[in-house]
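Presented below are the structures under discussion, each in the form of structure tokens.
In what comes next, subunit A is part of two complexes: it sits with subunit B in the first one and with subunit C in the second one.
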Partner chain A sequence: MNEILRRKIIRYAASLLVIVLVVFMFPRIMPGNPVMFLIGEDVIVTPEVLADLNTRLGLDRPIPEQFYLFLRGVCTGDLGYSYHLHSPVASLIGDRVVWTLMLVGTSLLIGYAAGILSGAWVGWMSDRKSAKALTGAGICISCIPPYLLGLILFSVFVYRLNWFPYKGLYTTPDIWSIMHHLALPVATLALFVFARNLLIMRGSVLTEKNQLYPQFARALGVPGSKILYGHVMRNAILPILTQFAIDFGFIFSGALFIEIIFSLNGLGTLMYDAIIIRDYPVLSGLFLVIAVMAVLANMFADILYGVIDPRVGREGI
Partner chain B sequence: MRRYLLPLALIAVFATMAIFPGLIAPFTPTERFTTYQAPDKVHIFGTDDMGRDILSLVIYATRLSLFIGFASGAVAIVIGTVIGLVAGWRTDILDDLLMGATDIVLILPKIPLVIILAAYLSPGPWLLILVLGLLSWESVARVVRSKVMQVRSADFVLAARCLGFSDTYIIFREILPVVFPVVVPKFVLVTASAMISEASLSFLGLSDPTVISWGVMISDAFNHGGFIRKMWYWWMPPALCIILGVLAITSLAFLHERGAREVVQL
Partner chain C sequence: MLTLCAREITHAYGNHEVFRDFSIEVAAGETVGLVGPSGCGKSTCARILAGLEAPQSGTVEFCGTDIAGMNGSGYEVFRRSVQMIFQDPAGSFNPVRTIGQSISAVLRLAGVPKAEHRAVLVEALQKAGLQDEILSRYPDQISGGQAQRAGIVRGLLISPSVMILDEPTSALDVSVQAQILHLLKEVQRERGISYVFISHDTAVVSFMADRVVRL
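Let's look at the complex of A and B:
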């Protein structure tokens, strides 16, 4: 256990280091003046201001010292300053992250619950026509890039049918208005998460089904649903957890794209605007925050894995 | 065999579109007509904001979209297979290091990383291929490694070692052929996901604006009034091409059920 724990901790620490290095090194090694990368390309400044910024951003100091200052800044929550939006990056992200997390959180909850339950059923009843149809639908949906799925739903339900509002998070700040605005984005992302988990769960249950213990339970006369949801599912759910760690980054970036499509004022639109005007401090800050979240999600999945499957702790697999 | 027919036929259609766009497309992408035309007999999908024939654009875009997908798939497969082979064969510190690197690449959120890279570099197709390839080898390496560990102490490998063949020879002549069957479906899946990434990046305006790909077309439609004018015939054809292309390529891997299960779970 200690050996595994040590190895895991080293890996997470190394990932964090790589993330910080990426954010630190990019503006400094790319061809061109690093000041321009740190303040953004479209800002027009005089040479004097440029020289002043150079000193103020610490770019005239040796690289190790710059790195130390940068790390200290990151640890104290200073992610740089956006000269386009005249605001610290940390507060820009802080203002909007709640909405993105709400979108991701709700969709994950719905998508995982529905995906796991129906994936288990599809795997258990894999010969039925309806199960095959659901699998086919799952494969199709998981092949559509999330933003395209959003575009399709957007054009059908918003432009054609007018069921949902065009843009924004709310018209009046109450829960119903927010739900009305978020319904379609959440549905898009949840559908995507659902399809992926359905496929993983199906494959996993198909493998578990042929083990001896479900057959033994069946021989004892345990009803099918109880075998599936009481015995098989507990084992079959492990690949979902492994996959969650890998999928998190993917789902999160899917959420960013969906926000752009539906004009929700979250991290995605912040990123989109920053890309158009090449606002590098905002892009770096966003990457840092998303990457750290991905590392945390991985840790969470690891811990949960140990809770659900006690063998991991005991035998040290 | 029959279920391979549809995906293969689709891929053949796309391949023809990619190789001989001039033969199929009614116009070239440089010809201009009246802008924002609705579909009629001459322009089956109408024309876009610059007066280009949409059908012809879709056909000409095929080459780049497929090329970026397959080329990044190839880059990822080569790197992943080599790393997986070495990590599976060696049990010492090298294995630890390589697997550590693999885990780190796995944890890093790929699309945000590509976005920030692309924003700094304003990439052309080649750079995109390199970046996408360099960021998607990790799953290949894991599959290959676990397969190598399975066969490492098999009799035929031991025999080769007793005969005094070098490690390189054994890895490439004895082990690589065994690993190959898991690499192929993986290649297909990496290619599909590279196509999705390319489409997503182009949608953000992060690819070379002078070249046409399906993602660029959807981005144009989204930003230049395709939605407000309800021109579904503008963005739907490239969108359908992406979906069908990815679906055809992926289903090649999924049809092989056992292979798919190995691939999906690792």
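Let's look at the complex of A and C:
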């Protein structure tokens, strides 16, 4: 395996281990009895039941052994048990993560593709009035947080125009019903992602187009669109990748708000309910899953960066 | 016969006028030195002559035709006939492509079959005193002298009749400067190319140029 790739994987594996350690330590360093933290602070139990739970949950064992058991559990998909919802956390998350990933994945795909292509065009044709208008629109949209954008779209397209359903993931379990229900939440998140990427890409292309290599390509008679999409784009896209790595957690948390606004049964509503009833095992499990996804997104962006810009891989950054 | 000429061109950036009513003529096979103090607009003038920027007034003519009115095949001929070599040799190569990939792109434009690329490239590089191993390197992995030679090779592969050389040796040390200048002279002898040689170094200009125009 490539030495740089190996180093990157070790770095991200260490980050994951730290995240798992934080999730493990969280209930144990909180003031009070960790059993109460796990079963819920408002549950009344006798000291005998408490002692029994303490033993069953392995909290009477030495901390390193507890961590080993916790780590083994995480690796085998055991994220604990929700005493409020009477279900394993992994199963609760597993039932809903698909919907959240569908919402986030589709939004990211549309938002990134549209933002990158439009941003590149706007940067390349920066003197045109249409490019200036699109930039202005991008600035306005990027200033609105996703949850407010969701509320605005909800108010217009659900309340006033009645074009989209106001809640749920589907009425009948078929693809058209799912698309109809997800259209507005996806549009909300995609619009936000689009606006941010449009502005980043615009700035990046503005910088790149004044470099000498596009000028040389122009001097050779290479058509403008080919210079933009064949030469400039590969260099200009690098800040987008950096931003993707930084932004993933932010976009994901934005998606959770969108789910709450549109009453979608994804991780967002699960987290919202868990916060309201203080279901710490579910919150810990969600934190772990979201953190793992953010780390994987960072790793993906990091590796892709090296593929697009060979200088990065060579310097071993 | 005049190959390239600019007639009374004026250019300004905003309210700042760079030069006014400047004219220059380049005949086939000659080297015209373009000199002037820093900031007088030599590089802007070079880009206007290469058709990369339009003057605010005046005309640029290639073989007697105003380039502003060119389109279709006429414009394509102009584009390939007038090439430019920049001051920053490495910067004129795409940083995420190898030197080989960048030069091959020119061969594709010139219509050279892909199977012949390697042989053509190796021969062209050898003439310029370069090893073929630089083909697999990226612009930041080669020296300034190697990058400038590779830039000249790339510019020549499309068989231009005029080359605009914008301070091609100012970023290089003295020994490499001499090698590049001799390479340019040799190419001119072989192919009869015209040069517009821009420099602030009067010694270099007097060595290269048949006549000198001051901006």
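One rule holds for everything that comes next: the second predicted complex is superposed on the first by the 300 of 317 C-alpha atoms of A that agree within 3 Å, B and C clash if a C-alpha of one lies under 4 Å from a C-alpha of the other, contacts with A are read in each partner's own complex, and residues count from 1 in each chain.
As a convention for this text, contacts are C-beta pairs under 8 Å (C-beta built on N, C-alpha and C of every residue); 3 or more make two chains touch, one makes a residue touch a chain.
Quick caveat, the model's predicted, so the values are computed rather than measured.
Asker: For the three-chain model obtained by superposing on subunit A, do subunit B and subunit C clash or fit?
Answerer: Fit.
Asker: So in the superposed three-chain picture, is A:L220 touching just subunit B, just subunit C, both, or none of them (first/second/both/neither)?
Answerer: second
Asker: Does subunit C touch more residues of subunit A than subunit B does, or is it the other way round?
Answerer: Counted on subunit A, the partner with more touching residues turns out to be B.
Asker: When the two structures are overlaid on chain A, which partner does A:F26 contact: first (subunit B), second (subunit C), both, or neither?
Answerer: In the superposition, A:F26 touches subunit B alone.
Asker: Please work out whether A:Y68 is in contact with subunit B alone, subunit C alone, both, or neither, and reply first, second, both or neither.
Answerer: Once the two structures are laid over each other on A, A:Y68 reaches no partner at all.
Asker: Tell me the contact category for A:P310 with respect to subunit B and subunit C: first, second, both or neither.
Answerer: Second partner only.
Asker: Between subunit B (first) and subunit C (second), which, if any, makes contact with A:Q211: first, second, both or neither?
Answerer: In the superposition, A:Q211 contacts subunit C only.
Asker: Touch check for A:W163: first (subunit B), second (subunit C), both, or neither?
Answerer: Touch status of A:W163: no partner.
Asker: How many Å separate the nearest C-alpha atoms of subunit B and subunit C in the overlaid structures?
Answerer: It comes out at 18 Å between the closest C-alpha atoms.
Asker: Using the touch definition up top, name the residues of subunit A that touch subunit C in the complex.
Answerer: 211-213, 215-216, 218-222, 231, 234-235, 308-311, 314
Asker: Touching subunit B in the complex: which residues of subunit A?
Answerer: Within the complex, subunit A contacts subunit B at residues 10-12, 14-15, 18-19, 22, 26-27, 30, 37, 139-140, 143-145, 147-148, 151-152, 154-155, 159, 199-200, 203-204, 206-207, 239, 242-243, 245-246, 248-250, 252-253, 256-257, 260-261, 271-272, 274-276, 278, 280, 283-284, 286-287, 290-291, 294-295, 298.
Asker: Where on subunit C is subunit A touching in the complex?
Answerer: Residue list for subunit C touching subunit A: 47, 50-52, 75-76, 79-80, 82-84, 86, 88, 91-96, 102, 106, 109, 138, 140, 158.
Asker: In the complex formed with subunit A, which residues of subunit B make contact?
Answerer: 100, 103-104, 106-113, 115-117, 119-121, 139, 192, 196, 199-200, 203-206, 218, 222, 227, 230, 232, 235, 239, 242-243, 246-247, 250-251, 254, 260-261, 264-265
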